[in-house]
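As written, the chain order gives the labels A, B, C and D, with residue 1 at the start of each chain.
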């Protein structure tokens, strides 16, 4: 009969209307800003730089290798390397970024910088409330604004952060083992040399022994490792 | 013009010796004199799905000429891709057809895998199939909403469609991190594994979806106004559809059995039996119904696939993320996206950037015969005919 | 009238408001956007007006297809050079007071597509923009957040004085020249009266 | 489906006088293509469409490719007499190749469900006007795609019913997808510039600040 299709449709909308008073399925509105949809663990908005220590600028994991700058598809990262080096989390001397700027007005949240970073230094934040009336000042963010602690990372992406922390702990353990082995090897070499020198000194006139190598304290290995607790 | 089997407006328009009006009159079969009205619909027009523009010549309310004008969203995807690494183009493919970023990802990944000879692990194939079918459901749901919006059913169907869309977008977000621009697939697999509990969530959404489809069917498919508006409107014959390179649901609505999921057997589609719905009349109603039926078939693929998915790696260990340089050569890879055949034609010269990067956009090519479908109809029908083609401007203009 | 006195009065049941506050309160709670989508962000703009995010809670559910009835232009998506004249023309057709939200990276600066030959590097080259939302695309919540930012901006506008709102100041322009299609680029490629970029030395 | 060489042999019979050759593709997918001269492209394409064994009724993809003038270096094994003994020595042979533009057609068959057969037309050089034959009379699907190739590469299609710019505006003079296209200088505000962009952005800085 003509009209039954329309009536059926109206019954459907009536069901929806009535349901919207009691059926949780039909109550879809999330009243932002009072209510918020729970952030998904994988959610990503804009990159941030991870730091490990209290002072954000000292503990930045970034070593200014510029891989992300090169791989960023819209080219929205700008990095200037430092002239000097400083010890990173595992005690190795590394460069650090003097300038690290991201132009948020260009960033397309593709996460490629995170994927290519070999140092677990850049990660994706979930902050999206960034609307701004200032085009030039508000959207070009520098390293001070980008630096966020590892705790923040653990809070927003717990699973990912655990994996990243484990990887770093392994790196640190490796570095420590290597440093230890280096020290031992050096000590052994020094001991051998000393023994040789003594043997030589016994045969040769005094004064030659002074040329024997003196073991140097290995500064990088001794530096306190600012390692994250895994 | 020998070789053309079909009388189109072009054939007549370029025959000499007739006045412009005579030619138009011959095409639509009217002989009466009258004043013609030229209307530029778009680029800012609520019914043109973005910034599409049609220059329409009207005789009263009848369309006598319709010229689509493109380029208002031409954002140089191909040129940019030729200056970017292979990986760097992946997020840009999301922005082609912004409803279906995951199928776009797949098409591009497939083309690069053909170019470089990469293998995809079993689990990644399953993830690709699941996400692609979810995308198809998502796209068709939204299309039904937009089509009804064009017909004047303001609000309700689109609201219902977007309510369901959010459920699938939640799945995408918890898997890929973004709602629309997923950037999820990689050459030789996928970017990351499924998060814990994702499969259970997906199963829940898939299990509940038929309820929504029933609701939508009850609301719309039998509705007399919808039938009156769409049946017999915008007819497209099978021969013209094939010759004009129409693909996807629009081709199948004209009764041509050509679905790349069956023809090319890419991915693991051969493992799941599903039917390809075919239309009979090739009108707007058929195109609408094909999509409703395709959603049900997609759910039929999704249900067992979500059960069968094996454990294992999600990316080919040989595939490199950085410094990816395929050997010189070329490849054309294509898949069946919700809009039709999306192809990527890549030429490599051995450098990290593709030498030529071409997208074969289904939306653009499906518009080829828009004029033929609209001639002789009223301007209101031209709007719904355009709506039933299912275009996304990001893909039309790239 | 100072705040202390106002508080005291409101406790007594006497509500006193300035005309300015009343005027701005009315304006900020009935901002009607132009239904004008350009690209990907338009879909998120639609999602924001749909059931889950419900922009109607802010008095902005009435998306007007005609610029003559709209107060707010949400530039949602990539503005190409071919589209830019139309966008400026639409802006010119809107009645004052009018506001512009540049939604998404493309509208602000060209975004990921800014290297393209046909992409305008930000709509603020031709028309003034009030609020920028970074993101590609921004979440619907981000659009709502921008909306609240705009409401704050409207709330702070003055009716009188030298820094009064633009629509009350006859000296400030409310229409901007529409660029023309040139042989290689738009002519002019920017409006120097609107576009004053910061100098960044690299 | 027959091999491309077989197709070539039969096409040469069907379109007498056509200069046909196979362009090898070294990638793992091995999609080789058929290069046809511009004069006989229509006849060959018509054969491909109407031949009962091929029935390539569906032209999926049409695109242009720009090849600049290039110097090709090829490793050639040459027999040389070194110290009285004949030896095979590898030599790098350098040849100059004039640039050209190509129109590439990907053909499939919907009736027989096979493909692709790839057809190429090559222009003699890159200097305007560059002309190839339009295949729109055979496949309607070429219509917009050939217009796009014309718009972005400046290739003229002989026999196209409606050859206008499609993506760019009508007054636009350049062909932006060509490899030697120069973009208009528009680099006033580039906070994160690299390489070329950096150079271009520097030119926009106020003079005093460049010195600093």
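We adopt the following convention: contacts are C-beta pairs under 8 Å (C-beta built on N, C-alpha and C of every residue); 3 or more make two chains touch, one makes a residue touch a chain.
Remember, predicted model here, so these are calculated numbers, not experimental data.
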Quick check on this structure: which chain has its C-alpha centroid closest to the centroid of all protein C-alpha atoms? B
Distance in whole angstrom between the CA centres of chain A and chain C is 36
How many angstrom lie between the CA centroids of chain B and chain D, rounded to a whole number? 26
Just how far, in Å, is the C-alpha centre of chain D from the one of chain A? 44
Roughly how far is chain A from chain B, going centre to centre by Cα mean, in whole Å? 38
Where in chain A do residues touch at least two different other chains? 28, 73, 75, 78, 103, 106, 108-109, 136, 140
Chain B touches at least 2 other chains through residues 71, 74, 76, 79, 91-92, 163, 166, 181, 397
So chain C residues touching two or more other chains come to 51-52, 82, 112-113, 115, 117-118, 136, 139, 197-198, 200, 202
Should the pattern of chain-chain touching be classed as line, ring, star, complete or other? complete
In the complex of these two chains, what residues of chain B are touching chain A? 84-85, 87-92, 156, 160, 163, 166, 170, 173-178, 181, 183, 191-192, 195-196, 215, 218-220, 222-227, 321-322
Enumerate the contact residues on chain C facing chain A in the complex. 51-54, 57, 105, 108-115, 122, 124, 129-136, 138-139, 141-142, 144-146, 148-149, 153, 197-198, 200, 202
List the residues on chain B that touch chain D in their complex, please. 1-4, 6, 8, 10-11, 13-14, 70-71, 74, 76, 78-79, 114-117, 240, 242-246, 256, 258, 263, 326-334, 341, 343, 345, 347-348, 355-356, 358, 360, 364-365, 367-369, 397
Quick check: in the complex, which residue numbers of chain B touch chain C? 43-46, 50-51, 71-77, 79-80, 83, 91-92, 95, 98-99, 158-159, 162-163, 165-166, 179-181, 393-394, 397
Provide the residue numbers of chain D that touch chain B in the complex, in ascending order. 25-29, 31, 42, 46, 57-61, 63, 65-66, 104, 106, 110, 113, 116, 118, 137-145, 152, 161-162, 165-169, 176-177
